[in-house]
Amino acid sequence: MLINVPESVVADALRGIAAAHPELTVDVENRVVVRRDAPVAGQVALVSGGGSGHEPLHAGFVGPGMLAAACPGEVFTSPVPQQMVRAAAAVDSGRGVLFVVKNYTGDVLNFEMAAELAEDEGVQVAKVLVDDDVAVSDSTYTAGRRGTGATLFVEKIAGAAAEEGAPLERVEAIARRVNASARSFGVALSACTTPAKGSPTFDLPPGELELGIGIHGEPGRERRPMMTSREIADFAVDAVLEDLKPSGPVLVLVNGMGATPLLELYGFNAEVQRVLGERGVAVARTLVGNYVTSLDMAGCSVTLCQADEELLRLWDAPVRTAALRWGM
Amino acid sequence: MLDAEFFRRWMTGAAAAVDREADRLTELDSAIGDADHGANLQRGFAAVVKALEGEPAGTPGAVLTLAGRQLISTVGGASGPLYGTLLRRTGKALGDAAEVAPVQLAEALRAGVAAVAQLGGAKAGDKTMLDALEPAVEALAESLGESFAAAAEAADQGALATVPMQARKGRASYLGERSIGHQDPGATSSALLIAALAGAEGAR
Amino acid sequence: MLINVPESVVADALRGIAAAHPELTVDVENRVVVRRDAPVAGQVALVSGGGSGHEPLHAGFVGPGMLAAACPGEVFTSPVPQQMVRAAAAVDSGRGVLFVVKNYTGDVLNFEMAAELAEDEGVQVAKVLVDDDVAVSDSTYTAGRRGTGATLFVEKIAGAAAEEGAPLERVEAIARRVNASARSFGVALSACTTPAKGSPTFDLPPGELELGIGIHGEPGRERRPMMTSREIADFAVDAVLEDLKPSGPVLVLVNGMGATPLLELYGFNAEVQRVLGERGVAVARTLVGNYVTSLDMAGCSVTLCQADEELLRLWDAPVRTAALRWGM
Amino acid sequence: MLDAEFFRRWMTGAAAAVDREADRLTELDSAIGDADHGANLQRGFAAVVKALEGEPAGTPGAVLTLAGRQLISTVGGASGPLYGTLLRRTGKALGDAAEVAPVQLAEALRAGVAAVAQLGGAKAGDKTMLDALEPAVEALAESLGESFAAAAEAADQGALATVPMQARKGRASYLGERSIGHQDPGATSSALLIAALAGAEGAR
């Protein structure tokens, strides 16, 4: 690993982000990344956060048209409430703050505590829970579906609505609509190595893969002998479609887990597009890259989001962040 | 009677135990979670010890609420708010008496564990820290708060009993049946916490 | 690996690029990626290419303000002359074409042949050789320095000059100036796995690293016990500075080799900035990310480019490609 | 005399040898290069065989120039232009005679190898394909073009002799002293090419 000591990876990364992105205000000690012009008068502010190790999520999505602030926790560990409280105070223009929370017990509990504390301080807070991972059945036997790739869609699209000046209830409603319209499925071709553990989080022989993984280096629901890109695309897309049943065109995110070469990821995208074509699903936009990662895990995930005209317009709206940028 | 010193010893002992067992906790968490439980608690209890060092003796309740707040503000993850709430609620239930009777602690701990159950929505058998905490609280109550050793033993047994369970809460639940056969990291750290309580008594 | 069969990885990736980027024209069969609006009247056109496996280089840099076309070869194998001939014909507006060639025997020979053929077809061709890797001593005992991270600087800055309408000699001169002002040094923390070989290209135990690697999965000049991020930054930056001796502010590229998590890469950037500060080198701009990669290799490289006002202005000029985009 | 059929047999034999030895060539290239030499030549010679199948018999010169053009347009890398040039120049030197004498081939090959040396700027001892090709051409010339077997033997020896050399051209040169101790992949494939020549003769 390219680190100093496991204890300092997050602080080190924040210093590195600060140096590379003068358009961000980085509070290294308190672990809050804020767009420099915050609070922006008249705008609802989106605040997200979660464990580190998923970069560019979330700090790479801070900027005009997307997040107002991000709160990185330790690696794969949700941030503590104080981070979100501080972030909310820094970005609230008086029009309220939307917390974008990936559905993990830790994130839910810490953001919940933060919301209470921030409201005590007079900030109006709404929350949206992202839970798009169809590999987890949403039942009383689980902690509910995990938040994975759809987080990018929620943050981009609701962020665009906030940038347009929409009020908190509307930004929240749009965020919920995006989450409700999006589903993901992920596959690991290797485990990942966390700084704290220093060795792969699980054993996965080269000839096997894990289907239905999350983004925390955890094993998936099922292990199988290695499949081809074509077979993986069939499996992942069908898993998503079975649950989503889109009636119109979709946004597609073909996401790398961190160590899958872009060459392979684009090849996988070709297969994803093929299956979608075979299933009669029209594609409105496609994004390919390492956006919601799991450190150095090899693998990929597919997220589909059914997009009506409004969502599509907000998706296309200008955005200016470290990892996602267009139109400005 | 148990004074603030006793509760400080408990926290220091818990911190030492977590330090010693951090790798094992992380190893357990890497089998059915995300490989951070050891590091999480190490960070948290180190902060607890540091905060306690900077504070005057105080009361039993103050020691635990301070410890709870430290965990909440330094651990993150699922275990931060849960353990933080456990200690804060237990501390609050102890009020501001300078000394508390063991039976009072037994009662307060029951309230703390109930708060954990409420916050996390888990119940016995879900393969979480509650599977160690609840038996410990029961054992302590049965002995009218007198036998911390029995509580520690019950917590240990409870942690072991998570091995054959299928997780229904927390990250391990994502694994479905594959969570079976592994001991829950949180239940394991809970057993350490209760063992540290027994240790604090032994050192009286 | 996330592939179908090794033989089809490049074609598969090109189909995936075509699906994700409607703003590019992708000739899958002939392996040429062209910006859709080419040829652009009044503009010199930049054409680059090289072996695949370095993505986003080069196809990810095709678009307004950067390359007019890219020619991807097989994995780690330079393209064949016909690709560049075809690309040149597709993008030449009559003002000429600049071939950006990384200095490897294969690339040099194939681009050379292509230049002859393209000139036979009436296209005015100039060439710039990128050879920035200080790990290789440039002597009669080597094939000369490798082209690595500086390629991004050359393509961006010369591309901006072309976009402004500069004539071929000027675009060529600027490209040469950028290359002459830039140096790189790379480090591998793991080998990479090529589709054709299917196993790591060399054995590197977890506790060791290779200093002075290139971008083709080849071992470096020297193997050492694992170093910290801090130590690696010291070593890499000093290796570059020893050779470059910049007299003014520099552009910094902190580049990931493919499998190094962004979290670690940003942390490494913090260390790079620290060394530069200690050595009294001012930093004008910093770019952090996986841009010039070696498939799934873990590791990083540092490229510094001394930047006068003109180069800086051209660096800041708008660019709109899959991997590098700002200002439009 | 050697007719077009002979040269087709040479090319087909070379393609078969490259196919058979592809993994070994790639393995050698992974030690001191970029692990693609086997795949490169497989792709190239498959194209050669396919192109030859689609063409009428032609002349010895036409067979080799066609093969050379195929290599240039399908291999890429360093070896594509170099082997392509070798065969094209050899083919050109043979002119458009329907049959050529072995001594003519020896002469033509010498011209082809010289063109490789000129294009790549390498010379004997640089640890490249030239270290197999040049001894082969010498051996052939010495036997007045009569002993392809001697040429193959010389090429083999030449390839082996690259083991202790430090590379001064191509990718292996980046390794400096670490390139010592490995056989050069290009010299190895050159030995296969010359062995295929001997094989084509044996099949006469």
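When the chains are written out, they are named A, B, C and D in that same order, and each has its own residue count from 1.
In this text, a residue touches a chain if its C-beta (ideal position, glycine included) is under 8 Å from a C-beta of that chain, and two chains touch if they have at least 3 such contacts.
This one's a predicted model, so the numbers in the text were calculated from it and none came from an experiment.
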Set of chains adjacent to subunit A and to subunit C: none
Path length in the contact graph (subunit B to subunit D, fewest steps): 3
Cα-centroid distance, subunit C relative to subunit D, in whole angstrom: 31
Between subunit B and subunit C, centroid-to-centroid distance (C-alpha), Å: 53
Multi-chain contact residues (two or more partners), subunit C: 75
Junction residues of subunit B - those touching two or more other chains: none
Topology of the chain contact graph, where touching chains are joined (line, ring, star, complete, other): line
Those chain pairs that satisfy the touch definition: A-B, A-C, C-D
Sites on subunit A touched by subunit B in the complex: 6, 51, 73-82, 104-106, 109-110, 113, 135-136, 140-143, 146, 194, 196-197, 201-202, 214, 216-219, 221
Sites on subunit C touched by subunit A in the complex: 1-5, 8-10, 12-17, 19-20, 52-53, 55-56, 60, 75, 189, 228-230, 232, 254, 258-271, 273, 283, 286-288, 290, 293, 295-296, 298-300, 325-328
Contacting residues of subunit D [partner subunit C, same complex]: 26-27, 30-36, 38-40, 43, 72-82, 119-120, 166, 168-171, 173-176, 178
